[in-house]
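The chains carry the letters A, B, C and D, assigned in the order they are written, with residues numbered from 1 in each.
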Amino acid sequence: MSEAPSEQEGRPGVGRVEAFSDGVIAIIVTIMVLELHPPLSENMAKLWTLWPIFLAYVLSYAYVAIYWVNHHRLFSHATRVTNGLVWSNMLLLFALSLVPFSTSYLGEHRFSRETTWLYLATMLFPAVAYTWLQAVIRRTGKQGAAAEAYHVSSSRKGLFATALYLLGVALTFLSPWAGIGCAVIVAILWFLPDSRIDGLFARK
Amino acid sequence: MSEAPSEQEGRPGVGRVEAFSDGVIAIIVTIMVLELHPPLSENMAKLWTLWPIFLAYVLSYAYVAIYWVNHHRLFSHATRVTNGLVWSNMLLLFALSLVPFSTSYLGEHRFSRETTWLYLATMLFPAVAYTWLQAVIRRTGKQGAAAEAYHVSSSRKGLFATALYLLGVALTFLSPWAGIGCAVIVAILWFLPDSRIDGLFARK
Amino acid sequence: MSEAPSEQEGRPGVGRVEAFSDGVIAIIVTIMVLELHPPLSENMAKLWTLWPIFLAYVLSYAYVAIYWVNHHRLFSHATRVTNGLVWSNMLLLFALSLVPFSTSYLGEHRFSRETTWLYLATMLFPAVAYTWLQAVIRRTGKQGAAAEAYHVSSSRKGLFATALYLLGVALTFLSPWAGIGCAVIVAILWFLPDSRIDGLFARK
Amino acid sequence: MSEAPSEQEGRPGVGRVEAFSDGVIAIIVTIMVLELHPPLSENMAKLWTLWPIFLAYVLSYAYVAIYWVNHHRLFSHATRVTNGLVWSNMLLLFALSLVPFSTSYLGEHRFSRETTWLYLATMLFPAVAYTWLQAVIRRTGKQGAAAEAYHVSSSRKGLFATALYLLGVALTFLSPWAGIGCAVIVAILWFLPDSRIDGLFARK
């Protein structure tokens, strides 16, 4: 992120869009844990019955965290606040705000086929908003070879992730776990260091 | 927003009022989604029964998001923290904090006449606080032709929106959907790029 | 607040303590509205039965907002983060975090004598923490005549408010509304412009 | 914290990681108070039955507050955002997000042996993530004797705290209160001024 020597200077208003997004994403990621109600019995064996709710929380926490990390990196390329930037960002936050709902639905019905299908389909919505947001920042933000290389590599990575989610949505008809497997592969893809992965998606 | 070359310099304390407002608005916008309880049945056909709650959430998310965007733009004209600025802002945040309540009431009663009426009436309260806040910043904030043009155009836009909401409150007696239609028109008005709309409301 | 020409420069770490406090206070002020459950009936006449919960929310919102405004002003005098500053601030946030509890208790029992008594007693706890916080910042923060005048005036105002709350706690035995009246007087005292009130409490 | 002359300059992106962490930690610390439901009876004698829930809240508030204070100090040594920093920080926030769950379980079952055991065991998870985070910042952040001395002293303190928690987990088999006692000792250790404690853990 050597392209961003200073966070505040010369970026009027961008810091506040980031701060608002941080607030919304922090709340989304944290309210999901409220679904983890402790069992009435103090017998710890009963705790294991919570595994689907816990697993759904882990998956969604990772998913939202990945969006925050990408949002953080993408916004380091923004230089000014335009109407397009504000509203594509608001749409992204709206899309992410639905994740707690589908997570809760998935966990409570223990990864049933129908709720898994809805969960993976919901995961596609933020991808659409993010693509719009990235297009806005690519057009109105930092220019130059380094910025362009970042946008190309990042867009390819996003396209690949979206394709994997679509595959997951389809595979859910075979088995919910095949669908969840696709989501896990996407998460691992983002966890790996950028240097290792970015090479795969960089403009040749 | 070329009038705001730097966010922090020479604006003692303003950044913190913005940060606090961002926090409150982020929470307001996000806790509304907690009303979206997943149905007990995993049959996805049952999901459609949630449409009034979902639609109410979409309307209110858009409404609060519009306030954030306007707040963001308005505060770029603030230069110092006065008693009037702090308390008019606190009143605005209080008024917005009632939106989750009227949204939940509207959704649960499926856009009935009475709840629609209350919903639209609640929407008028933040407008009063915002008008006060804008008057404070117009008096104590940045001065000059550009700032004045912004305040004039923005006040006219706000007055027009308030008139539409009042029309909506009245039309609800005919049909709740006529009232909701007015709220949707106001939202579209704000989504459109400033350049296109501002011309209509600029000082001639 | 002319004593604070720049928020960030030369105040290592203070900005983050402010940001964390803003987050906690924003959440406290906002989660209280979650107690306002819409009535099951869509008959709007039923809404009036919510008045004690609404009134308790209004009182507590004003109370927490006043603390934020004072915190904001006090921290503009802080210059460095010490152990005392962090922990007195954490105690203040803890004390404020109990307000939603006593507010909910007060509203649900419709301003009964016992819950009013507890509500007013809870209001005294943040005052203790604030006094400690102010003593820390007075000792480790900005020095000089202007800072000293602020601390003297602000401490006197705080002492007067605390005395009024104590009077309220006592008067509750006569009538809950006499106790609530004291809390309302304190709130009005803080809402008034600083210039008008500060004169009363300034060092003669 | 004299090592941190300026918060923003030359630390691209670090401020946003701090802001996001502040948001998440502020929410974690505040939602725990939502477990404190006021009793249905207005008889204040009934309030005393809430003591286990209140005590669990106090312990967890102190625990999370200590993490925030350490996080604050540790991040003043960070100079750039790496993949390792972002993900070790995300893991720490995830680990802390489980605290409200184990707190609620502990309080509702009134410090029973099994829930105390789980509570103390959960407290060990953030320690693992924090150790990773500290290793990342030690490698990629500020270098020099002062930074190194901080990391050595802080790691030793962390190791000692972890050992005490492990002891607590073991002692719970004897008595839950012996386990809770260990957690209280750890908290007191962190509350004391750095100068007094740091001497014990400084590199000799």
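By our rule, contacts are C-beta pairs under 8 Å (C-beta built on N, C-alpha and C of every residue); 3 or more make two chains touch, one makes a residue touch a chain.
Because the structure is predicted, anything quoted here is derived from the model rather than measured.
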| item | value |
| --- | --- |
| Type of chain B:chain C copy interface by residue overlap (half), same or different | different |
| Rigid-body rotation angle, chain B and chain A, from Cα fit (steps of 5°) | 90 |
| Mean-CA-position distance for chain D and chain A (Å) | 26 |
| Whole-Å separation of chain centres (CA-atom averages), chain B against chain D | 37 |
| Interface hub residues of chain B, defined as touching at least two other chains | 8, 19, 23, 26-27, 31 |
| Parts of chain D lying in touch with chain C, wherever the complex brings them together | 1-2, 4-8, 18-19, 22-23, 25-27, 29-31, 33-34, 36-39, 42-44, 47, 58, 61, 65, 68-69, 72, 75-76, 191, 193-194 |
| Chain B to chain C touching residues, read off their complex | 8-10, 12-13, 15-17, 19-20, 23-24, 26-28, 31, 80-81, 83-84, 86-87, 90, 93-94, 97-98, 100-102, 104-105, 108-109, 112, 114-115, 117-118 |
